[in-house]
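In the two complexes that follow, chain A is the common piece, with chain B as its partner first and chain C second.
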Partner chain A sequence: MIRYIIRRGSHFVFILFAISVIVFLAIRMAPGDPIVHLAGPFATATQRAQIRTSYGLDKPLPVQYVKWVEKAVQGDLGLSMQLHVPVWGLLVGKLLNSVLLIVGSMIIAITLGWGLGILSGLKPGSFVDRLAQLLAISGISLPAFWFGMLLIIAFAIRLPWFPASGIISNRGSGGVGDVLWHLVLPALATAALPAGIMIRLTRSTIIETMQLPFVNALKAKGLSNRVVTQHIIRNAMPALLNMTGMQAGFLLTADIFTEVVFSWPGLGFQIYTAIIAQDYMAVQGAVLFVCIIFVALNIIVDVLRPLFDPRIRLV
Partner chain B sequence: MTNFFDSEVDRRQLLKGAAAGVGALGIAGLPSFAYANISPELIKLAGGLPKDAAASGKPRMGGTIVYAMEAEPDILDPHACGGWHTSRVVLQMYDQLVEHDLTQPWYEAAPPKLVGSLASSWTISPDGTEYTFSLREGIKFHDGTPFDAEAVKFNFDRIWNEGAPNFYPRAKAYRAPDVFFIKSVDVVDPHTVKITLKEPFNSFLLRLANVGPGMVSMISPTALKKYGNEDIALHPTGTGPFRFVERVVGDRVVMEKNPDYWGGNPKVGPFLDRIVIKPVSDASARVAGLRGGSFDMIIVPAPDSKPLLEKEGFIWAQGICHHNWYWAYNMNKPLFQNKLVRQAMNYALNRKALCSDLLLNTAYPMNNGIDPPGMLSFDPSFEAFEYDPKKATELLAKAGYAKGFDTTFVTSTDGSGQLIPVPIAEHVQADMRNVGINMNVQSTEWVSYFTKWISGGFKDVGASQMSFGAPDPFWLELTIGGNFFIGTAGGLNAGDYKNPAIDSVMQAARHEEPPKKGDPYEPWGLSTKAVDLWRKANRMATEDAPLLLVLSDLNPMAYNKKVQGKVQTALEWFSFRTIWMSE
Partner chain C sequence: MRFLKKFLSRPSTMAASAVVVIVVLLAIMAPLVSPWDPVRVFPGLRNASLFTPGHILGTDQAGRDILSRLIWGARVTLVMGTVPVVLSMVIGTLLGLIAAYYAGALDFAILRLMEVLFAFPLVLLAVLAAAVFGNGMVNAMLAMAVAMVPYVIRAVYASAKPAMELTYVEASIIRGASASHVMLAEILPSIFPSLVVFATSMIPLFIIFAAGLSYLGVAIQPPTPEWGLMIAEGQQVIQVASHVPTVPGLVLLVVCFCLNVVSDRLQRELDPRTRQRHGARLPASG
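Let's turn to the complex of A and B:
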């Protein structure tokens, strides 16, 4: 296990290096020049050069890259060029907001995805199965921004039960209850897609598992349906876990549509804003940050797998 | 000179004086002494008088307003922030020496007259090169630093004086048109500052009052020394009616009432305890948030939400403004060196249909020449390029393009003040097709578009689009003049247009003597003669057609009925000082 983590860790470092080089170059290859934009409409060439020097962007690319990495490994992602605040501080707060939204929507997605997926997988063709298929197709095909708007119109404007926007009440003092109240609609909107995917994948995993020979063996041994079902679910678990981890990682940035519709101050929207402003430091920092989290999530899921599947040993 | 805080008392009186030659317009609800720019036709094109014009009552103290705006603000530094959306935030915490009267609605004056803010009065030397400002006494910055002449000099050093220790290059780049002509800034005594110019420049007061991008506000010297030129943006410290509380990037900017506001009184505000500003980039999300009660006031609501919002009892406010949306023809292309071609395209565009059908009357058709309605030199009696496809075809034939031609026009897909650029461009494209012009439209996202536009990068296309403007007529020279920035990077003359005859009229206009006492344009610091010269330049330039004129934004906003005292000025900016919440 330890050896496995070390080995994966070294892959991890390599992936981070590759990603950091790619994002460093990609943002600089994009059309447009952030310094020209920062310097404003009336800047002369000299003023632009002065400003470029003050951001260290007059240095050759390898020098810029090494400087950035040197600082990044010490935990300093630099200052946002656009807003002049530390990138690290910009991202941590947003990550917590995004995690909150992801946890909220994953609770909904897992409940629906695993619950309906298992039920419909166990009884293909039944009413529950058809209902689950309908929900799954809707969840996958409704764009989150559109579904979010529908939720706002239904449950924030027509029936004023939930707030339409933001993470805390702008006029009140906030508090946990207030945040949860604001979480309901964005979490529902965000959950739709992963719930849909998980219903379908869970269903097919369960159907596949049911066709494995051990199921017939268990039945032949005369075990009750309940016990057989337990075994089926346990056998399907590694696949379900894998897929759930992937969905959660995917949501880290894919919740951007919900963030825009509900003005939820999350990581996805922060990255989008940074890219639009061509804020080199913020984009580089943010992509690295998301990459670390994504790889870490994958390692966690890998480490958890043997707990559910004794055939897998991490070496 | 008039005093800002006497303005409630004598504003109408003063306007009467200012409205020379303007008789009663005879429109219900319209003051009979409106400024010359305002006409019944103009008011109709701007969507009519506001329905809440009579709403008032005794202002209630306290309360919080939640205002959702169109994008994340830039740095909160008045000297170096870009875009009107950021300027509208920063403005609330700062004061300038001179300001436009933000209590004056668009249907009374376009633009609002100038009033002293941190300067109580000023004198201009007869040759127009020395501006001496008497500063208001007893004012303190939010950090307790006294405001005085040294503070003014310190701020001008930052934005203009390259030799000063606190000089900030980025600020000078943004403030260029404001400080172009400054020769020296001298402290005369603790409450008097003299600014000497290299040559007469009668728009100087208008430049000092201008907002967007950024403004010449006074920042606390103590705070500037403590935080430095970059970090001051994280700790805004001004003298304004509201103080900075916090900024959570991507979520909100919060301000609170400045209880020690130097001009504060129960009549003129500030009334609100707190302002919460939310960046919400999606127009339909802003509208949904307003309807759901998350926001009290939003800017740039989607045009098609107007009927719904009004039906649900929200206030839709809009008015004429100095916000010009146009294409600058590329004068490096032989095709567009032909005046007949430039004129033909202007005749081929049906602006009124564009404004009514696509933008549902939330924009003003630019049929009065280049100067937009909120600009002092706007000329409502000048009718230019009424829709006439037949004339366009004739001009094209005369120019040798009877069968039309192919060209490429560029615009952005989004961006500050750009409205809905691609649908607008497609509408223009359809009109051009009617006269045989095959206009390809290319669009890219805002930052790469703007950086390319501003560094003269569109040399290979037919025309590049921009939306900008100012109350100050000098804007015309910045946009089409050959005296500034030509041949260097930067500047607004994207089409490299140069016309010495117009240049000399514009130069004469800005060199004109300061106004005599009683001149109708005195409240704006210009003489009638100067305004007439600007109008002449506007007519000459319009006729020569360096731009394809399209529309002028009416700066729409929407708010709920609790919001009172909001003044829709003929400017791209407004003050929260006048606003109060009824509950």
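Let's turn to the complex of A and C:
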């Protein structure tokens, strides 16, 4: 177990190193000069050179890279060139907003995905199964950004029940209720794709589990249908949890589309605006930040897996 | 032929295939069937509603015929969704086969590279790559292909590695067959059906993905007709003419829905694992 954690840890460091190099180089290969963006159209060459020096962008690339990593290790990802605030603080706040959106949509996706998936998997070919399949294909075929827009037309413009954008009201009491009220439409739009995928994966997992020999043994023992079903679901659980974790990790950046539609101030929206504005510091910081979370999540899931499935041993 | 007959035996598959074929044909014959030039502006007819004479689907915020833009846009959107999948399938299959065949340094290098790419969430990688390569259709397709490649490598490697131990593969190696023969003539045919299934199930997802990138403004630029871009532009007039952004999205939804139905059916026919048990397995995206 300890050896396993050490091995995964050294792996983690290697992946972080590779990612940091790729991100660092990629963002500098992008067409266009961020200094021109920053200095405005009327800046003189001297002024541009001054700004370039102030961000350290006049130094050779290896020097820039080492400086960036040196500071990043200490939790300093530099200043956003566009907003002039520390990137780190900017990202942490946005991450919380994104997590809120992901949790909200995963609650919807799990309810639909596990519920319908288990129901249809237990009775393939039934009416519920067909309905679930139809819903699943629709969920997978729905473009999230367009679905979000439809929700805005229907439930924010035609029927003004929910706000069309943002995370809190400018006026009014604010508070948890207000945030949740803003969360409803974005969470619905974000949930469509993972819900569709999860219905199908849950269904096929349940069908696969039902064909295992232990199910026959239980039936032969004369156990009631309810008890057999409980055993099937319990056996399918590790696979279901694994799949759910993957979907949540996927949403970490896939929610960029709905975040943009609803102007939800999350990580995806932040990365999007930083890329559009060619904000070097913010983009490289944000991408590194997201990748660290993503890789760390994967490792945590791996380490936790034996808790849910005693058959797995970490070596 | 017998396969095709069996494949189309279900009415739902038949209908879905018909829709896909019609849309593809319309896209190919766009210059012949499109009622207007997709970028022609009718100055007096901004946001014309559905069923306006001469413009059956109305006109957009700039006064351009929506139906014509949809037909021309199909060329862009469908190509943008399909080419990256095919491209990444070819590259990923080759790399996956090589990694499975050559144990040792090459195997190690490919798998490490893959792990690094996996650390980038798919969507982030594509958005970043699109920004790096710059705007434009070719660049966006490259970006999506790069993002997809590690997933293909993983799928190919996972099925090709155990195939290396099959008796007929071992026999072929002992007989002195060349590396390319073993990879392409022995292993590839055995995993080919599941690769086709994998690819067809990814195409609708990537069509939506492509439209999404255009929607975000990192792929196709105006005034080129493209479905995702049409939705983004139409959003400006969402309050006065909600059909302008709604119609392109509806078309996108229907096309992807039909593609998914076709790919599901194909999976049941081609994939030996699911042929028996009437189950659908979608490659998990993550």
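Simple rule for what comes next: the second predicted complex is superposed on the first by the 311 of 315 C-alpha atoms of A that agree within 3 Å, B and C clash if a C-alpha of one lies under 4 Å from a C-alpha of the other, contacts with A are read in each partner's own complex, and residues count from 1 in each chain.
Please note the rule applied: a residue touches a chain if its C-beta (ideal position, glycine included) is under 8 Å from a C-beta of that chain, and two chains touch if they have at least 3 such contacts.
Predicted model only: the values in this text are computed from it and were never measured.
Partners chain B and chain C clash in the overlay (superposition on chain A).
Of the two partner chains placed by the overlay, only chain B lies in contact with A:273; chain C stays clear of it. Judged by the touch definition given at the top, the superposed model places A:42 against chain B, while chain C stays out of reach. Residue contacts after overlaying the shared chain place A:63 against neither chain B nor chain C. Once chain A of one complex is fitted onto chain A of the other, the partner contacts of A:217 are absent, as it touches neither chain B nor chain C.
Looking at the shared chain after the overlay, A:227 reaches neither chain B nor chain C.
By the document's definition of touching, of the two partners only chain B reaches A:165; chain C does not. Of the two partner chains placed by superposition, only chain C is touched by A:124; chain B is not.
Of the two partner chains placed by superposition, only chain C is touched by A:295; chain B is not.
Contact with neither chain B nor chain C is seen for A:13 once the two complexes are overlaid on the shared chain. Comparing 27-35, 351-359 or 531-539 from chain B against chain C in the aligned model shows that the clashing stretch is 351-359. In the superposition on chain A, the residues of chain A contacted by chain B and by chain C overlap at 30-31, 149, 152-153, 157, 260, 276.
Here chain A touches chain B in the complex through residues 30-34, 36-45, 47-48, 50-51, 54, 82-85, 90, 93-94, 149, 152-153, 156-157, 160, 163-167, 170-171, 260-263, 265, 269-270, 273, 276-278, going by the rule given at the top. Interface residues of chain A, counted against chain C in their complex, comprise 11, 14-15, 18-19, 22-23, 26-27, 29-31, 124-125, 133, 137-138, 140-147, 149-150, 152-153, 157, 197, 200-201, 203-204, 207-208, 211, 243, 246-247, 249-250, 252-254, 256-257, 260, 268, 271-272, 275-276, 283, 287, 290-291, 294-295.
Residues 64, 66, 68, 72, 74-75, 80, 82, 169-170, 172-177, 213, 230-231, 233-234, 248-252, 276, 278-282, 284-285, 288-289, 291-295, 444-452, 454-455, 485, 488-492 of chain B are the ones that touch chain A when the two sit in their complex. Interface residues of chain C facing chain A in the complex, by the touch rule stated above, are 112, 115-116, 119-124, 127-129, 131-132, 134, 204-205, 208, 211-212, 215-218, 228, 231, 235, 238-239, 242, 245-246, 249, 252-253, 256-257, 259-261, 264, 274, 277-282, 284-286.
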